[in-house]
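These notes open a run of structures that come right after.
The same chain A turns up in both complexes below, where it pairs with chain B and then with chain C.
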Partner chain A sequence: MKYIRIFLLYFQQAFVYRGRSVVWFFISLFNPLILLLFWYAALTGGKTTVSWSLSDVTAYYVLLIISASFLDIHIEETVAVYDISEGGLNAYLVKPISYALVKLCNELPYRLLQGSFGIIVFCIIRFGLGISFSLVNGIFEIITTVCMILCAFCVSFLFKMIVGLSAFWTTDYTGLAEMTGVLILLFGGFVIPLEFFPSFWHTVATYTPFPYGTYFPVLAVEGRLALGEMWRIIGIQLGWIFILGVTYRWMWKRGVRLYTGVGI
Partner chain B sequence: MKRYLKVYRQFFLMNISRLLIYRSNFINNLVSSLVWAVFAFVTIILLTGRTQTVGGWNRSELMLLTAMYSILIGLFHTFLTRNFERMPIVIDKGLLDTVLLAPLDAQFILTTRYMNFTSLIRVIAGLVFIASIASSANIHIHIVGLLGALMLLLVGLLLLYSLWFLVLIFVIYNPQLSNLVDLMFTVSSFGKYPRSMFQILPREFFLAVLPLTFVSVPSVQMLLGRMTPYEYFGLFGYCLVLFVVTRLFWLYSLRHYTSASS
Partner chain C sequence: MDSIIVDHLQKDYSVFRKKPGLKGALSSLFFRKYETKQAVNDVSFSIGAGELVGFIGPNGAGKTTTLKCLSGLLYPTRGTVRVLGFDPWQRKREFLTQISLVMGQKNQLWWDLPAMDTFLLNKEMYAIDDAKFKKTVSELVDILDVSRLLTVQVRKLSLGERMKMEIIAAIIHTPNILFLDEPTIGLDVVIQKQMRDFIREYNKRYNATIVLTSHYMEDVKQLASRIIVIDHGALLFDGSLVKFIDTYGKDKILSIVLDDHVKQDQLKRLGVVLSYEYPKVTIRVPREKTKDIAALLLRKFPIDDINIEEQDIEDVVRTVFSGKTGE
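So, the complex of A and B:
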């Protein structure tokens, strides 16, 4: 119950600075949009060896906008800068609450708000501009896709929490944050679909947690994955959740021992 | 003018000292800059791996554009970005009071004081990439083209400066919009794609994006010998007008600044 109250408090906070939220959404909108324009120019005006049609590429990047809004977690700065570096963690250590769950309650309202902006853009493109593309259909496929999205959220959240916790050992976490940010952009399918990668890099990407956070959920919503394939991916996602969860607990236990908070 | 140059020299020395004091931060920032430089090149290699032309630009021309953008953004991040990153805090916390009370132009202090020399790695990476593309794709670069491109690079820098400043002035009206800085980081990347790519956008959006397409595209056109004198001088005029408009908007907006004590 206490976590529901905490979630509702953060939910109110997310709606206080609506202007900021809109700007954040524009940031997640512009990157896929520019790449969509690139592919539009490439597919309509030049020779390509891409097997996807313009409609497929449009669907991919439009869904990526929603995916980036809902699944691209940004909790690492709060954890590293405000909590660990500036001592905000003190407030959590003296309370009978789980730090990870509070941070989840903190992040979730922002993701829901951003995700809803993404759905509005999707509706404008789909119904306003009349651009049609295929989506997942069939009740089992839809339920499995929802499961995959929830797992993807957990993978992204735990990974970003781990990046944030690295601040226990470093004075400036930005180097690691930027490096992982770039890897997420590349292997998370934000630049181009992994299918367009050279085969070696495609294989490398599937051995990292990044495509399981955004790329595969987008393919699932697009209806590109068979049911069996979806369950296989969910299995891998659960594996990553376990690995990242264990790593998070290990880092948290050791990190808190190193932490020297103001006034402690 | 002489006084401003003297102050700028002091800013420069102050930033060198800062660099030498915080050595681990220097290494950390160097890694970040290098990672972003590599990312820019990997992105264009991936994007052009499956397509031959985009908006009338072939693969090596697009790579040249990315390299030129890398040089430009490297210079921008070295000499200007840190100041823009600080601008929302300076305005929100009322620190602008101190800047306004100094016997120098506030815009000058606010936008030139801090430097980040680690971003020069992006300039170096861009130069290496240009040399490599020019030799592998057999692109002949003439000295006139090179000098013209350098001039246009400076014009692009001034253009980008005006755009960033113009947008960040809005923080005076809404101090909570500190993430406009992040927005500008994203929006600036529009400058590394050909203008023709944006022509399918609705007219209003295209006009909004248009200034960004003048940031690094003209210098590559100059390098490839595709620029007319009319376009060349037109760009100088456009850039100057935008700078003056930004300056006037800044002076007007200062009237709306509610300092820490008022």
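So, the complex of A and C:
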């Protein structure tokens, strides 16, 4: 009897977070979808235009892991939980500073530190294990790649800040964070390179900001993109930076009006 | 000149109400009921430059909400707030560099680094030059006697030491207006006194306007000559402590030293005997009958000494908030 009551209490709790329930439903839908896409790509390999060898795939994943250590931003939890939900934002709002820039300053050292670990891992794989990778060469290509990586950082940062700001409107932001996490895994090329995707899903991915945060910069580092293609992608990245920047400002302006700073 | 002008301030919160039980949970899935809670309702007051004002009220009275509106954290639902001529909500740089908010239950210090690192962070945030920073830190550290703790990891500090560091971090830019929300909460009596001395000293040295909320009446008694009392979001009283006791203190306290033993029952007829430890007795009597009762005591009882005192502010406040004054 006692455990039935406990069960019913948990049941009630589940009804409180309506939005979260919907989001978690999508998450449970997306996870098998990823596997489905993977196997689809594997089994229909002969019919696609994909021209990746095993060493290409290995290089891709190694560079992806290293790039992610630079570019995979983790600021959303601090923004949503510690700052908005628990009132830590108070300390920023009463100071003459830009919240976004302070958070950028907060995040950047972690990315540089973890990125440097990534470079160490790369050196071990490249020189210690003797596994060779084809990397971008040519001075213009290298400079353009650096520009693309900087834009990728901005895209990822703004997107994660927006996810964090959602806590102004939601009681529990974790569902949304999980859902965007799955989308990043899927469309950011973390599960399989986007080239392995069926053309429809490949097109869908390119209309989201996710591949511009990690996937295309990795291809650029690998030297898989021509100079013209790289500038086209930078153009799209700048477009996303503009859209996400405007969205961030819009959410911030409205969100702080709803902010209670916890307690009366 | 007034530093702070609050005119008909109102702040509402939207609160989700759920009926208890599974039925309530199911119905809230489709029909969610929100209520508007008036945290602050039509509050008006002004505070002059250099004033130190105590903000009193029970839990949930709206003290912290008012302070948040004054510091620009919250957007008022209605009414206007002007602080140093600025609308706090706009959070202009010129405004933010002149104020500070210290919340006793929130901290801004980096937990895993020494407090000095947070001071340095704030130095950059407020663009304080090196010479001023060194001078201010040295002064504040000296007054609060924490110089030896500057390089100790914050997590290794005691609550009192941490609060001192919090205060320093908050006023490193020497603000003209200081909002202190429960700055002595959880501190022992010794540290409480040190904090009070510091607040008084800061008020005098920088002619700073200070608005203080505290559940410890001793803080308010020791520091504030003026109090603003708020209850259920509405302003109940604004004036001096003396006037507050005059208005709401319905009783006075007679402190008596007896010459000889007197039966307690005889004294009970005159008022409420608060303590009886021969030869000392304290009796609470109605304010308007004080003189008569004192005269009666001197005439009919063996009295060595008698003092007429005002009721303790804490008792008056308790009576006011529990609604026993009939006001």
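In this section, the second predicted complex is superposed on the first by the 211 of 264 C-alpha atoms of A that agree within 3 Å, B and C clash if a C-alpha of one lies under 4 Å from a C-alpha of the other, contacts with A are read in each partner's own complex, and residues count from 1 in each chain.
Criterion: a residue touches a chain if its C-beta (ideal position, glycine included) is under 8 Å from a C-beta of that chain, and two chains touch if they have at least 3 such contacts.
Model, not experiment: these values are computed from the prediction.
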Chain B versus chain C as contact partner of A:R257, first or second or both or neither: second
Touched partner set for A:L93, first chain B, second chain C, both or neither: second
Which superposed partner A:L227 touches (first chain B, second chain C, both, neither): neither
When both partners are placed on the shared chain, which of chain B and chain C touches more of chain A: B
Touched partner set for A:I143, first chain B, second chain C, both or neither: neither
First, second, both or neither for A:F196, with chain B first and chain C second: first
Touched partner set for A:V182, first chain B, second chain C, both or neither: first
Which superposed partner A:V246 touches (first chain B, second chain C, both, neither): neither
Chain B residues touching chain A - in the complex, by the definition given at the top: 24-25, 27-29, 31-32, 35-36, 38-39, 42-43, 46-47, 49-56, 174, 176-180, 182-183, 186-187, 189-190, 193-194, 196-198, 200-201
Of all residues in chain A, those that touch chain C in their complex: 8, 11-12, 15-16, 18, 87-88, 90-91, 93-97, 102, 256-257, 259-261, 263-264
Touching residues on chain A, where the partner in the complex is chain B: 17, 19-20, 23-24, 26-27, 30-31, 34-35, 37-38, 40-42, 45-50, 171-172, 174-175, 178-179, 182, 185-186, 191-192, 196-198
Chain A-facing residues of chain C, complex: 13, 18, 21-22, 24-26, 28-29, 37, 39, 60, 62, 64-65, 68, 71-75, 91, 93, 96-97, 99-101, 103, 106, 108, 122, 125-126
